[in-house]
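Please find the structures below.
Heads up, the next two complexes both have chain A, just with different partners, chain B and then chain C.
Coming up: the complex of A and B.
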């Protein structure tokens, strides 16, 4: 099995060589950065927090596509002095404690239930279901030709007393659709 | 695609517009939702195909751990899932962009006539197990869905040329944007050298194949349209003669045209209407000379919802063939027009939090056995957010084909084998249980156990053989695969299947061959594969795939291990230079057929240059 021995050596050598390696960022690496950026580009009313020292919570509802990328992106970060926490949310009733709630496309069947419970509470809803904004989700992270597209339902955000910065809106597609909970 | 180093930290420094401009590596929406489906599904990604160095569709299919693939000569393959792998394999449904590519002749696939521009394939979904409730008869042991990218995603020019000791070829694709969509044109040419027997005698299976095609996708308001077509021609070398019977080269040709219209209604419901025509022509003096014209219409209506997601539809298929006899077979009657019609409905029911059921049934009518009912029930329980436990019960059938009812062997009387006028559908009642864990950035694995309870499998009487349905039994097994990324630049994929076949002749059968029949089953007990992909510094990629396939019983083929290696270098942004070696472990090896006459495959090493702009 001389060939196998040569291969083993080859594999070992490549593992040793490959110190710093380049790769295109993964879809969810970029989406994690978007979620973090939303904490900078959206204003929450004081009523969105249980207390003045309550943390700022980004929730991931159900299926978590990020692995540890969202945790890595937000490690050590604060939002207006509040520590930023990532929380995995499994019940609709826990969703309202989040300032940002991400719902993966595969949880589409649970979307209407989540929006009904949140009903104008100041939780920024985000989903990567393509037409999420039309269903009342505030920001959809759609993927088109390998690039991420922002679709914003401004009326939904306004109904929840959230103010989205023009810096974000400028680069987003505004979606006219019914406000969630109506 | 240039790969730019992007750490999470540097991504955070980018503006919104810069982030929006980044190309991300991504799984498509549909394949994500498929990953949630309660079935044994493996998705071969475009990147997997590219990095494997495969130059043909059957070789790319080796990436799916749930398929059994045995090469029969330079371009012929036996491909199946869950057993019954033979050159007239007829229990697997294969679709290329929604077009069924099986021949009505034997309900199987002439793999030497199927070519796709592999660079433009978005993904290949490989479902092992029955898909009959959605896809109909013949989707008994599995479904292969080859899906090419929409023209809007291939708007550049791509050129590739390759040459090696066994094969040579080149591909060109040109894509252009027009106001509401895009169109691409492609051309592909391949040459394959002949194979040899173990004793060195050459087999006359040199093969040349050329194919051209196009695909256009465009949108208008809520409507999306696709129009695509292909035309191809291929031939072997002259094969000498059997006595006075001349065996000139095998020639194949064909063309197809497909249109698809999709509309999203204000209610969120979706309508899809698809129609295609497909002409195929094969001239093989040894076996047969079938020509077929197929017209196929398919309608689907999808209704979204929270509690129920309903998909229903209907289809119609018409095939007219003309089969001139070869040395080995003749079909009586030589020409036949066959029709199939179907309706189906599927409901995905959200029973309660984390628990979903999928109920579906297809009713399909064929000219041989009339109406066939193909029901399926599936239950999926999301044990945790990243893990799914699922089970299914289904009934699937393999409906009769010309090869069962109308065939005569040999091509001139007296006949030793005669098609069975009473041949019925082969029936499988299938039970499956699966568990799947998906942690996208680290470990993913899937394990499926299955049992196919078969009845009325194809058998024969004593000579002169009349084809009938007197074999039954059970085929059971396990399919498992996993992928793991131990380091950011290194990923591993492993797959294994284990198969146990327990078939027997039914009482009253006079079949002289029995169940170890080369046209019924000749399957390995096990196979496994291990794939390793490295992203190396300076835009080098190294891929290794080691596979082992267990021995075949009758005709006996020894177990074999083989290794494929590919090293690629991406330079100047869009020029890729690669060298690939396939079947490197042995000077030659065999995968299929009788030891006296079968093909042996040599080590195949080739270089490829690919340039996209």
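Coming up: the complex of A and C.
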């Protein structure tokens, strides 16, 4: 019993230490975690990958607000046995290779074009643009009462043959918006 | 009975109930324990499952930092009322959401702990990681109360109480039935044992039991009972034989003679052993035979058919008898298989088993006890042992009886000798007394004798009647003298000197009949009894030499006896016969026959003994003894024929004597030419002096008398040497102071040639004993006979 207790204390200490190191996470630190978490709550069809051993790619289009935080968050992680790659995407054509593509709000102008390119491609689009979901972005990261809320365009995701976990949907806000291009 | 029997039933019931109760309780306890443990586990499992589901649902809430969502997920715990608290912690361990929302934060753990569940008091608490893939997103805390367990256990308790109650009732009934499987045969055994011990009845048996072991026990018990019963029966048989032996021993102890001992033994054995045939045989070692001594009373009918009557002889051949004679008890279980005469004889009589026991005294067999039964193999070893012991007892008793009988005989002989000695002593005393009496009588009758003889001789003018009377007087005097003389016979062993004369028995018989007329005719007639007299006299009867007086006395005695034997009257026969052999006359016989009561064997045998009498106080017991004495003195024979109720015949057979003897003895002459002699008579009895003086004076002798011894001597001295000297001296023997011997001595001293004739009342005795005193020339007995005196005078003076 004594041993257990010491062990428990040690673990608790470690957690607390970690907490203190990462205290007060920044907005994009949270968003980086969110991005990574999407890989766990969404299912991609096999056609989304070039090959069976192709890496899982999270792309950041245009402006990269994360700095190295995204890389930090996903370091060493894998998704369904695939190595996880963070890719900075600058060309729309490159965006199709990503399984998750984050588009910063500053890239709002390019959004339609990106979505057009990605039409029917199995790439989960994520943007922190306020009404991104209504534009056809699949998941929008909206800040609300100092918390980041998810808004999900289910139709877009379905059109892209992506299955979003009901658990994710449960904590998200469903947005009805026409799929771009329709 | 119930209080005694109840314990085993109670115990069995208690045992069965206790066992089932313990099993039930143990089962219940196990069940409770199991339920308790498994229910806790299942509570944990349920909680875990619930927590996992909630945790799984909470992933997105945690992953996307949505506490509202988390709270709504936690609210799902409402479905389980036992969940009292729940909380979600984020990846960093901070509280993310809690349930119920109103819960105070401090009632929750500040930080998540290690994954797992534990019981804290009446609650169970647990931490569940919230994972997405392999990534832990946070931790779920749940806390549930244990009211479910309590409720469950309350229910279980109720059910179990019911089950236990039902089981107890059921167990009671079942055990009540089951215990009887064991208790019933045991109680039955107990009942049997009680019957055995209470009633001493070993014939009861316990019934069979259903249970193997108890059946074994019952069997063993019954077997034991059988053995006890058998040994008890053996014991009883032994006891009864011992008591029989004792009874027989006591019975034969009372008996002294062999036949009665044997009879008692055989009867007891026949009745009580029992046997079908029993007899006792005595062994004669000299002839090597057994003779049947006694046959049991109940065996007699059988013994007749076996030809085994008493006194029958059994040869001792090579059969069981010979072994028994050697002292061994012989048992033949089946005589039909024995090819010897005796067993075959028994077999023919239907007696198939046989025991022969030796009767031994000092290791020699004197007889055998034979016991037989109809059935073969019918004697047990106990019977044989009994017969062996019995035969030993019988042998001892027999031996004792024989010893006793020998002792008795010796005692009888001794008593007989003592009697004889006493009788002789009596006879001697009587003889001495008789001798004195005889002396006096002889003196007293001397004058009568002298005067009678003198009268008959010198008075020719006596009338016929006077002469006849005087003759009878003279005969009576002779008889008195003879009788007195014979008195000595009672104490004398030696034969008296008989003055024998030729005797005509016919005449004596006639005389005696005349003398005893009153006895056989007058006295019976006075009593109204008639006795008829018959006489048969032989004409050719030879004369005999005898003492007339004795023969007369004997005949008188015999006639008296004959008359006494006929108190109711009868016929008295006197017969004389000459008995001849090859032409020569040999003997003369007198027979006296009566038709009276007769004599039995005992009386006939003893009638000649002195003092033996059948007449009670009236008889002296000397009559026939005197007759017999007379007969012996006459060298005659005496025979008695007698039958009880038919009468008695007495025979006296005298030897006949020749004519030559008769001639020489026919001496006495009627007259002597006698010289005149001077005589001195010395006697103290004046009557005798007077009678002798008269008698001898009548013969012409000159008689001088002296009244005593001294006077006689003086008288003889005075005239001695003168012309008046005495030629003969008569002196009495017994006189006061100077007796006859002294007188004789004095006379002979002066004049040895002068004959001295001693007269004595003891005369016959002196003659008989050769006790003739010195100086005496002749002894004459009193009463003096004139004739004898004349002869003596002539012989001594010529």
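Keep in mind that, in the parts below, the second predicted complex is superposed on the first by the 159 of 182 C-alpha atoms of A that agree within 3 Å, B and C clash if a C-alpha of one lies under 4 Å from a C-alpha of the other, contacts with A are read in each partner's own complex, and residues count from 1 in each chain.
Rule of thumb we're sticking to: a contact is a pair of C-beta atoms (placed from the backbone, for glycine too) under 8 Å apart; a residue touches a chain by one contact, two chains touch by 3 or more.
Computed from a predicted structure; not experimentally measured.
Judged by the touch definition given at the top, the superposed model places A:168 against both chain B and chain C. With both structures placed on the common chain, the touch criterion links A:117 to neither chain B nor chain C. Of the two partner chains, chain B is the only one touched by A:29; chain C is not. By the touch criterion defined above, A:148 reaches both chain B and chain C.
By the touch criterion defined above, A:63 reaches chain B but does not reach chain C.
Of the two partners chain B and chain C, it is B that touches the larger number of chain A residues.
When both complexes are aligned on chain A by C-alpha atoms, chain A residues 7, 11, 15, 18-19, 22, 30, 33-34, 37, 41, 147-150, 167-168, 170-171 touch chain B in the first and chain C in the second. On the chain A side of its complex with chain C, the touching residues are 4, 7-8, 11-12, 15-16, 18-19, 22, 30, 33-34, 37, 40-41, 147-150, 165, 167-168, 170-172. Those residues of chain B whose C-beta lies close enough to touch chain A in the complex are 1, 3-6, 8, 11-12, 14, 16-17, 19-27, 29, 32-33, 35-36, 152-153, 306, 309, 348, 350, 353, 356, 382, 385-386, 439-442, 487-490, 532, 534-537, 539, 542, 544, 563, 565, 584-585. Those residues of chain C that touch chain A in the complex are listed here as 56-57, 59-61, 63-66, 69, 73, 92-94, 111, 113-114, 132-133, 135.
Chain A meets chain B in the complex at residues 3, 7, 10-11, 14-15, 17-30, 32-34, 36-37, 41, 62-69, 72-73, 88, 90, 105-106, 109-113, 129-130, 143, 145-150, 167-168, 170-171.
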